[in-house]
Each structure stands twice: as structure tokens, then as C-alpha cells.
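I've put the structures underneath this note.
In what follows, subunit A forms one complex with subunit B and a second complex with subunit C.
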Partner chain A sequence: MIRLLLLILLVQALAGAADRPAEIRIGFATIGLQGQQRAALSPISTAHQLGLVDKAFAADGIRISWTFFKGAGPAVNEAIANGQLDVAWQGDLPAIVGRAGGLRTKIVAACGLRGNSYLVVPVASPAKSITDLVGKRIGMFKGTNLQLSVGKILAANHLTERDFRSINLDTSSGLAAMLAGEIDGLWGGLELHHLTNVGGVRILYDTRGADPVLTRQTHLLVTADFASAHPDLVQRLVDVVVRQAAWESDESHREELFRLWTESGFPIITFVSDFAGTALRDRQSPLIDPFLINQYRQSAATALAQKLIRTPVSIDGWFDPTYVERAVREQGLEKLWTTYGEDGKPVR
Partner chain B sequence: MSIAADTTTLARQVLVTKTAQRPWTGRLLRRSGSWSLGLTLPLLLPLAILGAWQSASTWHWISPQILPAPAVVWGTLVDLTASGDITTNLGISALRVLYGFLIGGIAGLVLGLAMGLSPTVRAYLYPTFNAISLVPALGWIPLLMMFVGIGETLKIIIIAKATLVPIAIAAVQGIRNIPENYFEVGSVFRFSRWQVVRYIVLPAAVPSLFNGVRQGLNHAWLALVVVELLASSEGIGYLMVWGRQLFQLDVVIATMIVIGAVGLLLDQGLQFAESRLLRWRRSAY
Partner chain C sequence: MSRSTSILSLALLAIAAAPAADDIATLEQRIQVLEKSQKDLLDRIRSLLDSQVVQEDVQGVTNSLESFKYQYQRDRETKSPVSVRGITITGGLAARYAATNRSKTSAGADGKGGNANGTASANPAIVNGRNNTFDVAGAFVNFSGSLYRDYAEGRNLTFNLRFDGTPQTGAAIGNSFANLTNANVVYSPLPTTSQDIDRLTITLGQQTLPFGLEANTTEELRPVINSAQFVGATGVGRREIGLVFRGDFGITYDYGYNYRSSLISYNFGLVNGNGPNRADDNDYKDIIARVDVKLPTEYNSWLRELRLGVSYYHGRQVIAGATNAAGALLPGASTYYEGARKRYGLDLYYNHFPFGFTYEFVRSVDDVAAGSSTTERRGNSHTATLFYSFGSQFLASQRNVGAFDDYWPKTWQPFVRFDRWDPDIKISGNHTDIYTVGLNAFFAETTKAQLNLTHKREKLPSGAARPNTAGFITNEIIAQLQYGF
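On to the complex of A and B.
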């Protein structure tokens, strides 16, 4: 009898030890320009770069493994489904697609907001606005969060994708196609700045200074299993991200931050131009506010309308703002970031 | 004139008997063997895979998002067929493969025969041809795009290139493997250059050529997926890539089944054509 009790105690002790994972697996839905294990734009990527996350968990002997997926969001979804990731940085559409596919995750922080979309045309193009391109051949990398952003931009201009001859092209093929005169316009993100520097193309339209509902959002999510097994570890990770986000929201760090991001392969001018006229704190804010949640709700509806997902996705219960709220409170950052309402206007 | 014709016929008979000494008997015997066995054996492995697949989803060995249950995939296959997605896309893809295969096949045949027959042509072209053939299609796409744009031409050229290479290589090898004494027979009968090609080279190289054609078709079909990955919004390969992009692995698996089935049908069709075309060999018995 005593032996049995001892055995039970031993098993419990072992279970307690096993409770703490040996490693936390973090995945990025992006990769550096030339395949570098570096990303830019989000507090989690800068934290990775500076070794802040590894440091925060080193004391407990928890290793952090970082994976950068060239296959972007879809590859991250596959890795989550296969149980190969605990934490991921991803954009809105792939996460919605993953949720539609039945992945059980929790979004724990905003991590890179208001990503801009750009429409570039050949320098010689006579077009002055998006409307001038109606009926023309436009390239776009479909299935990425760009597609949703473009859908919203077109809708805001009383247009739809069907008003153009839309061609699925990734950025590098898109540039080749444009220089060959095969397409009349190309949608993309800040990477297109790089192309305007190379020459031959100019920006016809972009979302800088436009209504923020037209922009793209990215986030940090954890698997539901990881969140329920290790809420303390999630909190510690979010603490690091929030601290880094606060540093990145400080305008005096603007140049230093952009210089850090150039390790992803993009020249500094890319970030300088993309962030021109925007407060850092609006883009680096980790807050899960009504604006963010509504953006995902809208995106899920658009994704369904565009048949990118087959079943409606409920946004309710997907976001868990408690970690960020606690970190903000404990780090005394209540005044740093603005909470935005569903329409993208400040609520306080 | 009649003597010339007679010698030609005689030469043909000599050659037919010679070439027919390859192990055709074994194959014939196997073909006439039990039909039921011939139909059952190839099904065993697919059935075993299906069984493993069903077990994997019943006992959740693999996440259902990655490997949906066979019933789900079957449902998707039925849906995609009913909605016309599969047939429309398959039609578009089939047309691309057809054009690419015809162009690449003819070009490969001409190139291969030229390189096989003429040591001069071979000396000029073969090393370059080899080097070019080893570069994967993906590398050519951006460059080709500059010249031919992103339309159907690009896709057909890539498929044609994929077809051309194995056919040309098979032709070269087929011709080089013709025993020297065949040509000696030809010179005994004072064959003209054309007669050498018509009565010695072509018949002797046909089995190798057919191998090349079948490989060419395989490669064409594989290249299709690569070209439809880029600059395309239709086709069966596109449907597959798109399914993956949208995390709908049931669509991916459904298209895998369709692509595999069509590939198998094409191969079987060619095999049938081969046995029909080579019937004259059997008539030697």
C-alpha cells in the first residue's frame, strides 16, 4: 500500500517535471529576402533578432526553436496541424483559412499592424488612378493577405476584382512580367519599394495615409493546447513582445529599428518610405482592440465571399487579450498606445 | 527496279528476324497469362494504401486537416466534378499537355534523330543540349517570360521542353545501340541513306523511341504542375496549388488522384499504341 502511494507520488512528480516543455517552437510566416532567418516589421521578429525571447526562457532551460517558412502562412498552418509549432506569427487571411480548416489557436497579441498595400505600374503607364486600369491585366499573389486588402481597396473605389484581368503572380514573376509588358499593374506590399528603386515602375496607389481598414494586420498566435497547458509561458512570451513593442513605439528609435530590420535583406529606404507619415506606436501596438477584432471579422466575411474559405469562421473566442492587458498593466504602459474602435478611430 | 525491290524485301526480312530475337516471347506469354491475376495484382497496393489511409483517419494518427478521411476526399471529388471544376480545369490542362507534347515530341524526335544519325550534329549539339536539359524548368520561367510573356505560350514551351529532352535522348541512345552488323547488312544490299533510315534505323530504334515518348509524356504531365503554379489561374495543377494555399488538403488529394489517374491512362494508352504499332514484329513468328 505504501509502495503504491510512493509510486503514485513518483508518477506525479515526473508528470510535474514533464509539464515544463524542453522547448517552445515558434514559426514565422515569412523569410528574409535572400532566405535569411530574419523577418522585419513585427516586435516578435525584432525580439528574435536581439535574442530577447531566448534570454527570457534560458533561466528555466527552455530552448526556443525558430522556423522561417518560405511557404508563408499556408506552410505555417500545415506545421500547426502537424503539431510542429506552439507559437506562430502570421497574417490575417492565412490564420482565418487555418481556423476555417479547424486549427485550434488563440491570438494573443497584435504584432505588426496597418501593413500597406501598393499598386505599381510601368513608369510610362498613362494611368493616374486605379480606375484607369479597369479591364487591364493586373498581377497579384493570390491567397495571401494581400488579396483581402486589395478586395477592400477595390470595394472602397466601387470596383471588384472582376473589373480587371487578374493574374496570379508572385512578386518576382510579377516584376518580370511587368518589365516584359505582359501586365499593366502589380499589387504588392512594401517589397515593391525595392522595385521602384531598381527602376521601371512607379507607385500608382498605396494605402499610406488611407483609411486603416484597408491595411493588413499580423498577429502572434499560440495553439490552444499550448495556451491551456502553459499559460505562464504564454504570459512570459507576451511580456517580452510587449516590452519590445514599447521600445519600437518610441520615435527616437525609428532609425535604429529600421536599421535592425535591414537584416531581412530589404534596404532601409523600404522601411523609411513605408512608415513615412505614420506614428510607430500605431503600427507596433500589441493591443487587441475593437479595430483589430473587427478587421478579422471583416476579413473572414470577405474570405467567405471570395470563396477563400468554404465555411463561415466565427471570430468570437479566438482573441485572448488578457495576456497583453496584464503585460501593459505590469509594465505601466497604459498611456503608450491608443485603443482604436471598429472604424479605426481612437476611442480614448 | 524489281531486283531492287526484292533486295529491299529480303533485307527487311533479314532484319525483322534479327530484331525479333529479343525477348518478345516472354512478354507475349505473360500477356496471354491469367487475366484475373493481371487485374487483381495492380489493385493490391492501392487497396492497401486506402486501408492505411482509412485507419490513419479513423484512429487519428495524422491530423485530419493534413490527411482528410477518404470519405471526405471522395465527397470533394464528387463536388468538384459536379461543379465542373475538375472537368474544366482538366480540359485546360489536357490541351496544354497536348500542344506541349506534340511540339516537344516532334522537335525531340527530329533533334534526337539528327544527333543519333550524324556524328557531326552530335558533336555540335549534344554537350549543349545536355547542359540545357539539366536545368530545371523553374529556372527558365523568369527568362522565358521576358520573351514570350505569361500566356499559354510560356506554359506550352515549358511542357514542350520537358517532353523534348527524354525523347531526344531516347532517340540518340536508340540509334547508337543499333548493332553495327545491321548497317553491314544494309551496305551489302547497297542501301541508300534514306533506305538505311527507313529500313534499319527506324525499326530498330522504335522500342527505345517509344520508351522516350512515354517518358516524355510523363515529364510533360509533371511539368504541367510547375507551370500552373505560376502565372495561371486555371488548370488541374493550379487547382492543386490553390487547394494547398487555402489549407484545403482534401482538394489537394482529390486533384492528386485525378492527376495520377490521368497519368496512368495516358501511359496505358501509349502502351496500347506501342503494341499495335509494333505488331509487325510479332508477325515474324
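On to the complex of A and C.
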């Protein structure tokens, strides 16, 4: 009888090992400056930097492959659609468009919230507010999650894209165009803030301290196939992310965290300034709360209105908060992060 | 108050004010904390003092910058190519080995002249009994760049200049020429800064013809080493000089994948029709037109990259009058005629990673000299290719990832191809079929190794100079390394 039980256990163990993938393929919808394989701003990027995910799976002999896509969110979507990735970090709009196109994924954690948008102008520009640029040529990298954020910012200022001569330019082309005097302003993210330290441009508007609904959200997602085949591995991955998010939410780690992120190529002053006046725990929270879900719902509606997608896409069932909830519970972190309501106001 | 009383009072006061044992412990703890804080502060001050930038450091950085500026300027003047406008220089070369079961002889008339891979036609010096050879299939260098860049809307003016070096015919050793193949300027009258709007370019100069798939194809769609037979036989693969409009409309742009798809893509142009590097030989300007229709799908649709195209070329050509064996004009024949030169094309294209399929039909209609006048000759071609990719070479996302080393997604691509060319459909049993099976290995960014096995059956009718209704069979293996920079 004992031999039989041992045999069953052995077979089960072998079957479990056979089910495990030899590799988990994780993709980032970003890349460090000068093509460095480093990202910043999210707990998964720091976990990558510190080798925490690799360590968590090393005991099982599972290798982690990390890919940083220059093509950002759309490149991640292409890789997922062609079976090249199991896990990805990306922003809201590309994921929404991917879902509208039939990509089967699950968002398992928030992973970098309330990202800021910046509008920069040449140093010599006389403009003092967004409204001073009405009718002017403004560059923006359309199709990224920046576009949705800008749409909300303009709406909050009773403006639309049509009030400007909006030109689709990626960041590097946009900067070249602005420094050549061909455009009068450029929307962007952290990379523009970084350039204000270098010179040539100044910030005219940014979302620091503004209503959080104007900001940009990013997440960690897994393919539906991977989630259904390996829920235990997804949980282990989310455990690492939540533990790292807790560390990053500790204000005593602020300087150390920013210093780590400088490996992405940005100087520390960029992060210090971008995060000024913001609690770390609000930006590094992994919680899938009503605020996050509603942001994606609003973004899906905006994407449809702006014809970035052609058919309505449902957000229902896309988020799976169970992994984060379990990790938070087991790590005793229930009181660390604030749950925000749909309007961005704390609910507890 | 006496002195002794005062002393006593002070002693009592001191006793009363003296702290209890607990308080002493607390004070000691505070002192320890203060001492630690003091130590930390001193350490920090020392650290800050150590890291302070001093005048000597600034002077060192300044000196380094000056040295760098000098070295940069010197290298730029003495070691860097410099141009007035930014230029991108690219090039490529293909080296290969081919072996066939039919020996090549210079006589050729005995039917032994097998040259399925084209190596013999590329280098037909006198040969005897050759059945294998090393060969340089070709080399090119290409210059392209911007003549005017419109930063705001992308109405750019660009240029392209390309030279192709090919081995020359004849018995002389070592001959080769660098021929001018592309020489054109391209203007975009419509904005190009957005992906989701219509496009139009105008190309003036020497350029490829927008006819069908094969003549303009990339390696992704033509995995075979040699072009289909019709490309050379009908002349649609040669460069022409003229003015060609290329554009599209009905754009679907999938922002989730940066995938751009046009419902209609159109090409229209006027060219000399007399080939590259020479002026026209008649007053008629040949017309080239092509339209292809692609289903307006998003990236994830299984119909993505399904396209149907039609091409049309209408030209006039100068035809020398028919001559006898001695080279004299036949009685009643004119020295020259002007006849029609038409090409019709139909192509189907489906490239849905990792699977791909292309089919192309081409009909040629040419007036040819016959007796004392001309007659019409019609040729047909069918080309079909099927390929499959193992690896992610052809995914744009995978070609642009962050990597410290010389990373490139390695890909294996097996394929099969059928290629038939019938130069005159009025004559039955007068066509050549080439079956090819092969494998491409993409192992670096601009380098690939190719292996092709071909089976060629050349049927010649009973009236031909070397008739063979069953067909001459030539089997050949070609191994090629193609690399670019």
C-alpha cells in the first residue's frame, strides 16, 4: 500500500514537472535609453533588475527570458499574437487595442500607476498655457497610451485635438522637429522631462499633482493560455511583484529606488522630479481597484471615440485580481495600499 | 541663614532633584542615540567632503572635453566619409556553388547545356564538360538619402543611386562592370508623418517597374535564389527610365500592432520602355499600371495580408526586320518595324506569419519579325511559392529588441516553388518547368545561407533546333551565402 502511494506521488511529481515550461518569456513595452535592457517605474522592472524573478523560478529549473521592445506596446502585441511571449508589461491603450483585436490575455496586477504626461515647448516659446498653443503645430506619438492621456487633459481644458494642428511624431522625430522649429510643442512622458534637464525645451504643462484620471496606467498581463495552464507560476510571479511593490512603496527606499532606476539611462533628478509630491505607495501599488478598472473602461470608450479601435471592447472579465489579493493576504500587506474608487478618491 | 544651613539645604535640593535609576537609563540611551547620530553625521560629512567636486576635478573634465573635441574633429577630417547631405550606404553580395547532373559545354547544340541556376548564362566563357562551379552571382552598392526633409508633415524629397556589379560575357578573364541600376528622386506630395493617412510618391528617373510580385519582391516573398523565368524573359524585371506614381488609399491602421493596411494600392507611370541607361528608341512612352486590393483587416484577422493584384504594361518596341542566314533582310521586309509590347499580370499574395503563399500569372504579347512583316507571339508564365518560417525573423517586433550583443532572431525557412514559362503558347510542348525545394537559414541581421535543389524539365517541340518533346532534364544543387551591409 505504501509502495503504491509512493508510486502515485512519484507519478504526480513527474507529471507536474513535465507540465512546467522550461522558460517563461516576459516582454517589456519599453527600453532604456541608448537601447539598454533596463526599464524603470514599475515593480516588475525593478524585480528584473535585481534578479528576483529569476531567483524565484531557478529552483524549478525554469529560465526567464526578458525582452525589451523598442516598438513599445504594439510590438508586445505582435509578439503575443505570434506566440512569442507569456507575460508582458505594457500600457493601457495598446492592451485595449490588442484585446479589441482578439488577443486573449489577463491583467493580473497594476504595475506602475499614475504616470505623468508632459507638454514641452522650445525654451524661447512665448506660450504660458495649453490654450496659448491653440492653432499651433503640436506633435504627439499617436497610438501609445499618451494619446488617451492627452485627450483627457485637453478635454479638462475644454479643448480637443482638432483645436491644434496635431501631427503624429514619435518622440525622437518630434524632438528633432521641435528643435528645428517645425513644430511648436510636443507631448510626451518621462523622456521629455529628462530633456528639460539637458536643455532646449521647457515644460509648459504636466500632470504632476493633477487629477489622477488624467494620468497613465500600466499593468502586468499574462496570456490566457499561460494563466490557465500554469496558475501556480502566475501566482509565484505576482508574489514577487507584490513583495517588490511593497518595498518600493516604503518612503525610506525612495532614494535607493530612484538610484536603481538610473540604470535605465535617466538621471536620478528625472525620477525625483517626476515623483515629487506623490506618495510612492500610490504609484507602485499593485492593487486592481475600481480606479484602475474604471480608467481602462474610460480608455476603451475614448479609444473607440477616437477611432483607435473599430468595435467596442468589454473590460469585464479582463482583470483577474485574485493573484494580487492572495499575495497581499499572505504577505500581510492588507493595510499598506489604499483602494481608490472610480473617481480616484480613497474608499478605505 | 547660617552657612551650614545653606549647605544642608543645597544638599537636600540636589538629592531631591537627582533622577531616578530609570531616568538615568533613559538618558544614557538618548546619549547613545545622539552619539550614533553624531557619528552618522560625521560619516556623511566626510563622505560629502570626499565626493565634493574641487577645482582640479573641473579642470580635469574640461581638459578631457577639449581632448575629445580635438580627437573628434581630427577623426572626422581624416577618417570619416563626409557628404553634403546625409547618406545611407548599403550593399550586398552573393557567393555560391552550383553543381548539375548535365555538363555544360560551349557547343550547347547537343542539348547538354544545362544552366538551371543561371550561372552559365551569367558567365558563358568557353567551357568544356563543366558540371560544377563557384560563382559570384552579383554585388551591389546603394546610396540613398534625403534631399529635403519636411519635419512638420513629411513631404520629403529623397534620392536613390545603385550600382550592380555583374560578371561579363566573353572569354576575357576577370571582366566585370558596375552598372548603374537605380538613379531616381522620390517626392512625397502627401504628408507622411501619420501612418493612418493615404500615401503618394512620385519617382522620376531609372527605377524598377511596379509589375506583379516577383519583379519587385523582397527576400521575404522570394525565398528562391533565382528569379522566376518570366522576369528575365518578359523584361518586367529590368530597370526603366520614366515617371511613376505610387500610392494607396482606404487605410486601416491597427494601433495595437502598428499595422498599416491599404484597401487599394495603385501604381501608374510612363517610361521609355527601352531599358536602363539609354534614351528612348521611339516616340511612344510605355504605360505601366498596377492595382492591388487588400482586405481591410486588423492585425489579428486570419485574412491579414491577403492581396489580389493586377498589372498591365503597354508599350511599343522597335523590331528589326527578319533576315536570312547571311544577315540580309528577307525580300519585302523593312529594316525596322514598330510593334506592340504588352504584359498582363495577375497575382495572389498571402503572407500570414509563419505561413506564406504567392501565385503569379503573367502573359506577354510581343510583335516579332516574321517573313516580310511581323506576327504576334504570346507567352505565359505561372509561378507559385509556398513557404513556412520557423523563428521570428519576419516579426518586426522581434527585429527591434534591446540587446547588448549582435542579436538577431534566427530563422529557418523551408519552401517549395513551381515555375513554368511558355514563350509561345501557339506551339504546344514548348515550355520549361522548374521545381525547386529549398531551405533558407537567416542567422545574422544581413546574412543568410540558402540551399536550393532544382529539377528542370525543358520541353522543345519537334520543329525546334534541338527538339526534345519529353524534355531535357537538369537537376541542380545551389548553395549560396548572401550577405549585406
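The definition used in the following text is that the second predicted complex is superposed on the first by the 331 of 348 C-alpha atoms of A that agree within 3 Å, B and C clash if a C-alpha of one lies under 4 Å from a C-alpha of the other, contacts with A are read in each partner's own complex, and residues count from 1 in each chain.
What we mean here is this: a contact is a pair of C-beta atoms (placed from the backbone, for glycine too) under 8 Å apart; a residue touches a chain by one contact, two chains touch by 3 or more.
Model, not experiment: these values are computed from the prediction.
**Q** In the superposed model on subunit A, is it clash or fit for subunit B and subunit C?
**A** clash
**Q** Decide which partner touches more residues of subunit A, taking subunit B and subunit C as the two options.
**A** So, of the two partners, C touches more residues of subunit A.
**Q** Taking the superposition as given, does A:I31 touch the first partner, subunit B, the second, subunit C, both, or neither?
**A** second
**Q** Kindly classify A:A100 by the partners it touches after superposition: subunit B alone (first), subunit C alone (second), both, or neither?
**A** Both partners, subunit B and subunit C.
**Q** Now for A:E182: first (subunit B), second (subunit C), both, or neither, which partner does it touch?
**A** After superposition on chain A, A:E182 lies in contact with both partners, subunit B and subunit C.
**Q** Looking at A:A81 after the superposition, I want to know if it touches subunit B, subunit C, both of them or none. Which is it: first, second, both, neither?
**A** A:A81 sits against subunit B and subunit C alike.
**Q** Can A:G151 be said to touch subunit B (first), subunit C (second), both, or neither?
**A** Touch status of A:G151: no partner.
**Q** So in the superposed three-chain picture, is A:F68 touching just subunit B, just subunit C, both, or none of them (first/second/both/neither)?
**A** In the superposition, A:F68 contacts subunit C only.
**Q** Once chain A of both complexes is superposed, is A:G115 in touch with subunit B (first), subunit C (second), both, or neither?
**A** A:G115: touches no partner chain.
**Q** Check each of 45-53, 117-125 or 189-197 in subunit B against subunit C and return the one that clashes.
**A** Superposition on chain A puts subunit C right on top of 45-53.
**Q** So which positions on subunit A get touched by both subunit B and subunit C?
**A** The overlap between the subunit B and subunit C interfaces on subunit A comprises residues 74, 77-78, 81-82, 94, 97-98, 100-103, 142-143, 167-169, 173, 176-177, 180, 182-183, 308-310.
**Q** Write out the stretch or stretches of subunit A touching subunit B in their complex.
**A** Contact set of subunit A toward subunit B: 74, 77-78, 81-83, 94, 97-98, 100-103, 142-143, 166-170, 172-173, 176-177, 179-183, 308-310.
**Q** Please name which positions on subunit A make contact with subunit C in the complex.
**A** Touching subunit C from subunit A are residues 31-32, 35-37, 67-71, 73-79, 81-82, 84, 93-94, 96-98, 100-103, 137, 142-143, 167-169, 173, 176-177, 180, 182-183, 308-310.
**Q** Which positions of subunit B touch subunit A when the two form their complex?
**A** Contacts found on subunit B: 62-66, 141-142, 145-147, 149-151, 230-233, 238, 242, 244-248.
**Q** Per the contact definition, I'd like the list of subunit C residues that touch subunit A in the complex.
**A** It is residues 150-153, 193-196, 253-259, 298-300, 353-354, 392, 395-398, 400-404 of subunit C that touch subunit A.
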